[in-house]
Amino acid sequence: MSALLAVEDLGKSFGGLRAVSGLSFTVNEGEIVGLIGPNGAGKSTVFNLINGVFVPDAGRVQFRGGNITGETPYRVARHGIARTHQVVQPLAELTVLENCTVGACFGRENLPLYRARAVAREAAAFVGLEDRLAMPAAQLTIAGKKRLELARALSAQPLMLLLDEELAGLNATEIERMLEVIRSIRARGIAILIIEHLMQAIMGLSDRIVVLNSGQKLAEGAPAEIANNPAVIEAYLGDPALAASLHGGAPA
Amino acid sequence: MNDALLEVEELSAGYGEVQVVWGLSFAAARSKLTTLVGANGAGKTTTLRTVVGTISPWSGRVRFKGEDVTRLSAHAKAARGLVLVPEGRQLFTNMTVDENLEMGAFTGRGAHGYATRLERVFTLFPRLKERRKQKAGTFSGGEQQMLAIARALMTDPEVLIIDELSLGLAPLFVYQLFGTLKALKEDGLTVLLVEQNVHLALAVSDYAYVIAEGRLFTEGRPAALAAMPEIRRAYLGL
Amino acid sequence: MLGIIAAIIDGVLIGSVYGLAALGLTLIWGVMEVINLTHGAAIVAGMFGLYLLANAVHIPPYATLPLILIGGFLVGIVLYWISVHRLMGRPPLMILLSTFAVNLVVIGLGTAAWGTDLFNVPVSLPSVTWGRYTFSGTHILAAALTTAIAGALYLFLYHTKLGKAVRAVANNREAAELAGIPTTRVLSLSFGLGVALAGAAGMLIATMFPFTVLSGDAYQLKSFVVTALGGLGNPAGALVGGIALGLIEGFAGQFMPVSWTLVIEFVLFVAVLIIFPRGIFAFRRA
Amino acid sequence: MRKLYLLAAVAALVAAPAFADDMLTIGMTLSQTGPLNVDSVAQQRGAELWRDEVNAAGGIKAGSKHYKVRFVTYDDQSQGGRVQQLYTRLIVQDKSQFLFGPYSSGLCATAAVISEQYGKPMLITGGAEAKTLELGNKYLVQVLSRAGEYLAGAIRALESKNAHAKLAVVYADDPFSKAVAVAARKLAQAGGLDIVLDESYAPNTTDFSAIINKTISASAEALVGGGHYADGATLARQIHDQKANLKYISLLVAPDSPQFASLGDAAYGITVPSQWEVQAAYKPDFGPTGAAFAKAFAAKFKIAADYHSALGYAGGLLLQHAIEQSGSIDADKVVAVLNAMDVTTFFGRFKIATDPGHHGLQVAHEMVLAQWQRKNGRLEREVVWPKAAQTADLIYPLH
Amino acid sequence: MSGKTTGTVAGEQRASLRRRPFFWIIAAVIAAFALAPAIGNNVELRESLLLATVYITLASNLNIMLGYAGYINFGSIVFFGLGGYTCVYLISAHGWPLAAAELAAGVAVSFLALVFGLGILRLRGAFFALATIGINEAVQAFVSNFEPWGGAAGLYLPTTIFKPLGGPMRALWVVYFLLVAVMGASLYLSYAVKSSKFGLGLIAIGQNEDAAVVLGVPAPLYKALAYSLSAFLPALAGGLYFFKSAFIQPSDAFDLNLSTEAMVIVMLGGRSTVTGAAIGAYLYEELRGYLLTSQTFSSFQLVISGALLLLIVLFVPGGLMGWIYGRWPRGKEVLE
């Protein structure tokens, strides 16, 4: 098992704020790695550092053994890393099919238009959007847009997917469907790095989990280990002792 | 819930053609701390934005002190004492602490008794007093959240609505802010809170609503809710 | 050598008026991110305001300034509701086009009424002579009034509640609304202010130079250059940028054919936009 | 459908006189809305005065026929963009037999491409640049003196006072002003004047401080140049405001407008090369005297006539004369007459070059130099050059 | 709408542009432009349509930047003017034949556009729009001082210049047909770009540049290429147009109003549509032509154009095609 993606000692500050610092982890081929942490922990920043939206202040990003640190997002996409966005970014006036075609055209394979359309269609069908191909993206429901994000990323025929809160805002049935889709993506041999708030889902899905807090790695391990790690519980639920003290009215 | 200061009835809202909130009803009782909890994307922020009027509801009603204020603009609601501390603080980053506070007191309601309220705010947040002339944009997250709450207090709110109080803050600040909220409540302020730190939220609140997928999942007293395994699961998957 | 110093002084005097004109443009941009293409028309309206009030109603030239400020303010508010309000939040092209359309209407009406004939408002003021060089009283007074208006604007923005509300809306419109500030009214007020400043600049220019209905274009272009130099949306930068432009025009012209200063001006304009999109004189912001 | 008939009927009624046999149609574009609108409109008014007088007198007599004159005019916005379209329309749709050129040399050259094709004579009353007439056109007739002549009088007048004056040449970057300045420079150098400053500026320049400071630094005693309206007036005003202490100033076009007097003291002493001044009393071979024209013009339009309006009138007058002489409205015959004509009207002499390289170029008309002087406390223009036409002495030096 | 899914890959592979009805619609438009004035030697119609061809060329090419890529270009006219100057200069000073001068003008201007583009396309939104104004004005100021091009006085062409094309009468017809060809090429270019991978990338940039870049669209390269590409045909049109005028001067060549008119046209017809740019240009030209030549309206033509534009922007923001698509959604498949 070789590391597909290796992040080494990554750091990024905005103004005075250290958003990410000293972060290292790897994702192996065919693996699903969960990236979790409380709001504001720097998870989306990590994605932006990997795919080149931000240039890191420190550290390196290696993909398939090559250094891709600081490359522009479109070059990173060409290497085979596709992503979805937490806040959906549809190309609003374009149809579902056209959105996916963009992904296919400019993704890893750099396909010509006619072949890209076929790939796009397949990707759209894969996530269950085959009956809305001609619908402008703006008219999709939030769940539809989430799926479109995924279909667009898949159209790029990536080696690796970065999924940013793909399940947020979906209802129970939609979540179930989406989880199935994600599993079948992995079954195709595509590695996945996933940010997710829904613990139940990510615990069941991931092979490994990396926990971030305030831009640093708090813990890393198998889901079961993470679930029982007191530091993780505190970061998520808050400090129960603190809560108790407020309850009692006496400062701790 | 007869003493409800703020009542929300069958509220539906969304963006463009996408519905996010589906017929949600809840109330905030006078001088109590009420909490809305729910997963990311459950529609909490949209609900609050609709209640204070930065987006208009598709249907449903918002009553404040018994009066229907559904269609009032956000600034008109603020002028009546219905004040939101938005998610991500939303300070006037190019302006000083003093100016931010003055803007909080922009309405006639806030301008009345400005000096005494300023004193009170500085008593609550002495850190702000030390930095009155400093620009808000240079503050740390915790200081910004303090200023955001202080600014809202300058409006002389009857209902203070806070979206994600502890978001991205260090535990020390979180503790301080919750302490302050508790003190404000004890002084008679009505507070409606959206919070991801469930333990803390439930610890300080008097009543809580759990929201999922834009609908009401369950409601009740905090102690009862905290004991419910569904909530633990929904949040941690444990 | 004296000539160069004279050129510098003249540059500063004229430049401050350019700065005032640009102030109107940059204020509107700063508050609502709108490039107001009625700017040139507003400047011309200020010029003709002076002409009509001074020649037809016989008001002393400088006494028209407050009238023009008030008139410009009211017209600006009306323009906001006509051409900007409905289009807020739409692609920026829409407001560019709607303000351009209003500009066409205003210039069209002006041309129909006055043709493109030349107008001059004779203003006689004592001038200051220094060796062979003379600084016209109108230029000195225009610069002084510009400073006064800019100072008043500063006092308004930084020391009145309403002015602070304008800055608050510029800074974060949603937060301002939540703080109880009627943001739409503040936007219309800011637009009114921007137009009033443009009108005042036009009025001051008209005390110095003859003008025609079409004079606005040149000053609008200059205002663009000035805002680029000073940083879009930065009122202090606009004044500094204006003076910088005045200096370039006065100073560069002493060392090369004057007709080349325009080339320098616009090349600099583009270069500054590319290299310092927030303006050369933009102070580091948090 | 009925509406359409009605419309057609109304149109026919309106159009009917236009197609009567004895109607002569003259087409032209003018700049109603562009920057050159002032000169163009003045010229138009002069032409209209001529038309109305001709029609009141029963029309132009050609052979046995009397032709009433009708104008068709369109707005060219002072831009080249539509000139060819509009002149084609004037010729093809409106059936103009004769044309007046648009205002400005460039537009004339552009319009000439069309007028030449159809062999329509075009009288140029607002394009002084000689280049237009050096392109090989056969139906162009220039009524006014060419650009090169504009400052000739001004330079000679200056030389008569100070043969070695230090001269600043300051002119707008437009085809006309540039041509004028180039000629003036040559004349001045030949005459021994010392050119201490030679500057051009963009036509939309609004502030001349830099140029004036340079003029002062160069110790210039005289300044010649300018461009059109706004720039020329601004230049004059700033020269005054900045006390440039020039002894002699001659500017193009702007000082010719009656509005120029509104500059007050800044206008005093400024000279302007003029195609015509009312005081220049030529003895006309035909048509009104200058004074009669000026009187009629003032009566009709309530403003004083300037040389642009005189040009408009003169254009009509010369065309009328040529038609009457040839006894027909046949273009080639009329042009043949114009080619041979050597006449004097209230506007001055008229004779054009006929060699193929310069056909239509005005060679006989002389310009005068007018100066704004005080008369009974009011500013008025007096002719100061040439000496023969002089109505007042040149005031020199101004300071 | 699920019917759209039925096409096979192989089918699409073969489906060239010529298979679509729109290809033939453009061909019909070109034929109409070429034939309508030629029948009966209607010179007046030719002159009126000639301006329409120029407007359509300018608007179609502007649409590539403005409509597809979403970049507001106030200075698109700079290509037209530079093309005109290059062409007129090569003919008058070096005696080049029209065809060679045209080609040189197109190539030179496109190259220059690429250079400009690489510089200013780093900017977005209002900053880009302002920079385009700056470029136009800088070029105009430069040309006004550039003596080889006649500086402010401009360049004149003698009548003999029309001889190689069979005298002025025929030459104007030749120029007209060439302009129709340039217009046709513009329509096809605009259509081909829209139907290509390149165009898809541009439209993606126009919709959401950040998202497009993440999807792999090489935005800087595409924008610069689009900018350069959209310079070529306007440069040719400028060359022909000023050749026909026999005179060129800076204020006519770099008239900012014409740029703005081109933007108005694109809005009038509907952004991002080939048909919209063409119909918008045609309607606009007819309207302006009517207002200018109407005795009643000519003094108020600016007022009327302005008021009309304001009404369109306020109430029909999608332009003509937006309105048509709204009424007749299938229209999108026929009229691109």
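Should a chain be cited, it is by its letter among A, B, C, D and E, assigned in written order, with residues numbered from 1 in that chain.
Quick note on the criterion: a residue touches a chain if its C-beta (ideal position, glycine included) is under 8 Å from a C-beta of that chain, and two chains touch if they have at least 3 such contacts.
Just so we're clear, the structure is a prediction, and the values are computed from it rather than from any experiment.
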Problem - Chain located farthest away, centre of chain C as origin (C-alpha) - result: A
Practice task
Select the chain at the greatest separation from chain E, using centres from the mean of Cα atoms.
Solution key: B
Fill in the blank from the handout: For the pair chain C and chain E, the C-alpha centroid-to-centroid distance in angstrom is 33
Problem - chain B-chain D separation of Cα centroids, rounded to whole Å - result: 76
Problem - Distance between the centres, which are taken as Cα means, of chain E and chain B, whole angstrom - result: 54
Completion exercise
Rounded to the nearest Å, the gap between Cα centres of chain A and chain C is 49
Problem - Contacts with 2+ other chains: residues of chain D - result: 32-33, 173, 200, 202
Fill in the blank from the handout: Note: chain B residues in touch with at least two other chains are none
Exercise for the section: Mark out which residues of chain C touch at least two other chains, giving numbers and ranges. Expected result: 108, 111, 257, 259, 262, 286
Problem - Contact footprint of chain E on chain D as seen in their complex - result: 32-33, 74-75, 77, 79-86, 88-89, 92-93, 106, 109-110, 112-113, 116-117, 129, 131-132, 134-137, 172-175, 177-179, 200, 202-203
Handout entry: Residues of chain B touching chain C in the complex
Key = 52, 54, 73-76, 78-79, 83-84, 86, 90-95, 99, 102-104, 106-107, 109-110, 135, 137-138, 151-152, 155
Completion exercise
The chain A residues in contact with chain E across the complex are 51, 53, 72-75, 77-78, 82-83, 85, 89-94, 97-98, 101-103, 105-107, 110, 112-118, 121, 130-131, 133-135, 152, 156
Fill in the blank from the handout: As the complex stands, chain E meets chain D at residues 43-44, 46-48, 50-51, 141, 144-145, 151-154, 156-160, 168-169, 172, 244-247, 249-252, 255, 258, 289, 292-293, 298-299, 301-302
Completion exercise
chain D contacts chain C in the complex at 32-38, 41, 173, 199-202, 204-207, 209-211, 213-214, 216-217, 229-230, 233-234, 237-238, 241-245, 254, 257, 259-260, 262-266
